[in-house]
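Provided herewith is a single structure, encoded as structure tokens, for subsequent inquiry.
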Amino acid sequence: MTDDRIAALEARLRILEDEREIARLMASYGPLVDAGAPEVAELWLEDGVYDVDEVYLSGREQVAAMVASEPHQSWIRGGCAHVVGPPHVTVDGDEAVAVCHSLMVVRADGGFVVRRATANHWALRRTPDGWRVTTRTNRILDGRPESPALLAAGVRGEPAPG
Amino acid sequence: MTDDRIAALEARLRILEDEREIARLMASYGPLVDAGAPEVAELWLEDGVYDVDEVYLSGREQVAAMVASEPHQSWIRGGCAHVVGPPHVTVDGDEAVAVCHSLMVVRADGGFVVRRATANHWALRRTPDGWRVTTRTNRILDGRPESPALLAAGVRGEPAPG
Amino acid sequence: MTDDRIAALEARLRILEDEREIARLMASYGPLVDAGAPEVAELWLEDGVYDVDEVYLSGREQVAAMVASEPHQSWIRGGCAHVVGPPHVTVDGDEAVAVCHSLMVVRADGGFVVRRATANHWALRRTPDGWRVTTRTNRILDGRPESPALLAAGVRGEPAPG
């Protein structure tokens, strides 16, 4: 009886811990990428994918190269905030799906403008080192039908369509 | 002694689980509404209310009709992000109050603009199927005094004023 | 054995509770400050610091005076949302560091504009009354190098540089 109650607590706590770790990973992306920090790439699996509209980054090396690239560094120098919204996370064993919005806000005209509003779908996997991104799929919310489809799949805990 | 420690853990975990479930519900609203998904209405109680400035939606059917309506579908086709901010949740037994900001960001002029910045007050109830919204009250932050009053009531765990 | 399992649960739960309390404190800032509510000052230690670019507020009294000031009240009357993004929290015993973005969104031209996008670094301490802010450091993301440095330090759980 006592053992059963403890085992139930352990299982319930495990769910909260998994979601907390994934939310924490997601909350680190914006600050790290706006800092140009190399840790960005470590959020992904070694062969993880970051698929953003026209850009398809495959593997940590390509993610790290994007962060270090002149175009990205130039956004930082100009003033830039990648605001990643609150996550909705669905864990299923050692796999998880998360969804959120993100806003890319940049300095312009003495204030700031929203350059991109984006649907974010995250597929994640549990590894011995913790949760890592297998594929993050971002699509701009400009009316293209993939973006709403990505949001719906994300809340339903389903893989990114297509 | 062991029983007391386990009971204390169960009670503490219950608080985190309740807040987690409410935060997860709130984080699903934006992605679902920008996807035009029918699940939006299911976040409310059958007779729940969504009270947004000039629009007063009473019951799941009216919420579902708003999502399916031509004006809302037209926002989605034009490009639209309902970004719901991080929640502050106060649970009191089987009732809860949550508060957050939301931004409605829409495609315009080759970029995006913030069409509305809004105070969100959520009243929720525990049901056999989980937490559901009894009344969500949104007021635009354009200087009207209801909006700051709504935010203050939300953080204090009080009902929406008026 | 049972005692060990219970002690492990207690320790794991404590981490989640600490992070939850800090996230909840941070999520209350925006709604409270946009409400002009006196509770804003109570988020800080009695001698806590709020260091925002040109403004350096030292102690609860100065934070409270900022909230009550004519310039701040005038933002509220004009229409204003301080949107504080999802937090990344690192707890180390009785001290913690958190990081997030914030957006100051204000009413203008019949819509809203993003007046400031800001890097937020929070240093917090556990007190008998719960977690409180020792120093919150905000720097605008306009290209000045302090702002990315603040974000990186925040994710790494390090103190604000300089």
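Each chain gets a letter, A, B and C, in the order it is written, and its residues are counted from 1.
By definition in this document, a contact is a pair of C-beta atoms (placed from the backbone, for glycine too) under 8 Å apart; a residue touches a chain by one contact, two chains touch by 3 or more.
Not measured: the values here are computed from a predicted model.
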Quiz prompt | Same or different contact residues where chain C meets its copy chain A, judged by the half mark | solution = different
Self-check item: chain A on chain B, rotation in degrees - Cα superposition, rounded to nearest 5
Solution: 120
Quiz item: How many Å are there between the centre of chain A and the centre of chain C, using C-alpha atoms for each centre?
Solution: 22
Quiz item: Which chain C residues reach two or more other chains?
Solution: 2, 6, 9, 13, 16, 85-87, 103, 113-114
Quiz item: Which of the residues in chain C come into contact with chain B in the complex?
Solution: 2-3, 6, 9-10, 13, 16-17, 20, 23-24, 26-28, 30-32, 34-37, 39, 76-87, 103, 105, 107, 111-114
Quiz item: Which of the residues in chain C come into contact with chain A in the complex?
Solution: 2, 5-6, 9, 12-13, 16, 19, 85-89, 99-101, 103, 113-119, 140-143, 147-149, 151-152, 154-155
